[in-house]
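After this come two complexes, each holding subunit A, first together with subunit B and then together with subunit C.
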Partner chain A sequence: MTRFAAGDRVRVHKQFPPTPPSHIRTPYYIRGLSGTVERVCGAFRNPEELAFGRPGTPEVPLYRVRFRQKDVWPDYDGNEADKIEIEIFEFWLDAEGDEA
Partner chain B sequence: MSGDHHHHHHDHDHDHLHPYDPEHHHPHRPDQDDTMTYYRLMEEAVRELMIEKGLVTQDDIRAEVEAMDARVPANGAKVVARAWTDPAFKKRLIETPKEAIAEVGHDIGPMKLVVLENTPEVHNVVVCTLCSCYPRWILGIPPDWYKSRSYRSRVVREPRTVLREFGTEIADNREVRVHDSTADMRYFVLPMRPAGTEGMSEAELAALVHRDSMIGVTEVSA
Partner chain C sequence: MERDFTARGHHDMGGLDAGEIDREEHDYALWEKRVDALMMLCTNRLKLMTVDQLRKGIEALPPEAYDNMTYYERWISSVTNTLLERGVFTADELGAKMEEVKARYPDGVMPGGAAGGGC
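Then we have the complex of A and B:
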């Protein structure tokens, strides 16, 4: 079961992992921002664990999340409708308005 | 030629032509293939150990290198041309890319592919900001610029400017959608079929489709 579905509003966690060294797949520029789930990609072994030779199981749901460029870059000067889509694992996401 | 000419150091600009003169030696640029860097040494050691332990053979490695080299953008171009000429195929390509691409004779292996269709309303462009994820199984080896820090950092932030540098002008009222492949999916852009190609065969259309248009930094023109 996945926590989110296409169309849901989500917010990306802001924090860095507490205990470096770490391997993360959520780019810095998207942390803390809100977007809309574009699709559920399925479940994959967690690369943040695989990077350290661990099994990366149980598999974790992966989403493609769509953000407005204007929300990502305050000085963005392209079309208001321009978007950026990024794959983000579920454990990096909260429901918008639900974050601690 | 003066006696000391060929003893000088070649620090002058070579903006003049010499007649052939066996006495006149240019310094040779050193070969680059004799540097055993840390990673080359590591690769060689691991490879030799794996062969020695019977995990792989030299022949397996050769076959895999040849399989990698056989993956070229023309494979993707065939897929695009089929999608342009067969709407039912295009639908399958977007819904079930692996199965659709197998129909054209290519195995995309374990890759999870997302096909992004360019339309008059939306232009798609692909990047991997964290490293250089690329749909190698269908497009082969990525171009150097795709892996450059400049492309990776700029195309997410100022995509229209970067596209313009590739000669691609996207109309202001058309949405630009950047896709950052950060995890397990790989992205393939299905470019728009150019006007004036109505009578063309699938093979003729495939010849128009180039690599960059399937990354989304260019469009296809007839």
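Then we have the complex of A and C:
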């Protein structure tokens, strides 16, 4: 029932309401960037709904997504192979190549 | 042309210059432990709010308040606002209770060094 699987290329949404008062679990610095699904973490109640006292259902798939550090930080001068992994809910992700 | 409608919340500071990080450990004051216990009671036992609501309330603090409050001051501010929103108590009831507690202490100063926000 998940839209993506390990190894899929995904891109993080940018077009979301401003925060606050919205509650957003995807860090600002990763929005708009592309990465690779490292694993499917399971499904959880939606924290961005729970934050408003609503039930947060249906549960939403959560993915661990891997990004190249060099793609995230333009001035990154560490190892080329360095990665950062961030857990991101499905509604924040598009298949890479899809126009948002 | 890609348009970015998002705004960075003041709390969402990953990647920004942080300056010095205070790594000093400190003992929790009694009021801080009480705030923690109150939060556990409100979420796990009484189901009056969620941890996600706590976070939303903290994120909604004005930048200056966010920067100047201590960790548990942010917590108690968010818990208070959330319970007010939910109608668990009214602002008048809260004010009356605060006056009542204050009156228990000489000169209205509570022991323990809670810098405002203590309960």
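Please note the rule applied: the second predicted complex is superposed on the first by the 97 of 100 C-alpha atoms of A that agree within 3 Å, B and C clash if a C-alpha of one lies under 4 Å from a C-alpha of the other, contacts with A are read in each partner's own complex, and residues count from 1 in each chain.
By definition in this document, contacts are C-beta pairs under 8 Å (C-beta built on N, C-alpha and C of every residue); 3 or more make two chains touch, one makes a residue touch a chain.
Please read these numbers as outputs of a predicted model, since none were measured by experiment.
Enquirer: Determine, under the contact definition given at the top, whether A:F44 touches first (subunit B), second (subunit C), both, or neither.
Expert: first
Enquirer: Should A:A81 be classified as contacting the first partner (subunit B), the second (subunit C), both, or neither?
Expert: first
Enquirer: Which of the two partners, first being subunit B and second being subunit C, lies in contact with A:R64: first, second, both, or neither?
Expert: So A:R64 only meets subunit B here.
Enquirer: After lining up the shared chain so the two structures overlap, which partner does A:G53 touch, if you call subunit B first and subunit C second: first, second, both or neither?
Expert: Second partner only.
Enquirer: Would you sort A:G32 into first (subunit B), second (subunit C), both or neither based on which partner it touches?
Expert: After superposition on chain A, A:G32 lies in contact with subunit C alone.
Enquirer: Does subunit B (first) or subunit C (second) touch A:F89, or do both, or does neither?
Expert: In the superposition, A:F89 touches subunit B alone.
Enquirer: Go through subunit A and flag every residue that touches subunit B in one model and subunit C in the other.
Expert: 27, 29, 47, 72-73
Enquirer: Taking the complex as given, what residues does subunit C use to touch subunit A?
Expert: Within the complex, subunit C touches subunit A at residues 2-9, 12, 14-15, 49-50, 52-53, 55-56, 59-60, 86.
Enquirer: Help me check something: in the complex, which residues belonging to subunit B touch subunit A?
Expert: Against subunit A, subunit B makes touches at 112, 114, 129-130, 156-160, 172-185.
Enquirer: Okay, in this complex, where on subunit A does subunit B touch?
Expert: Touch residues, subunit A against subunit B: 25-27, 29, 41-42, 44, 47, 62, 64, 69, 72-73, 76-79, 81-89.
Enquirer: Going by the contact rule at the top, pick out the subunit A residues touching subunit C in the complex.
Expert: Touching subunit C: residues 14-21, 23-24, 27-29, 31-32, 47-48, 50-53, 56, 72-73, 100 of subunit A.
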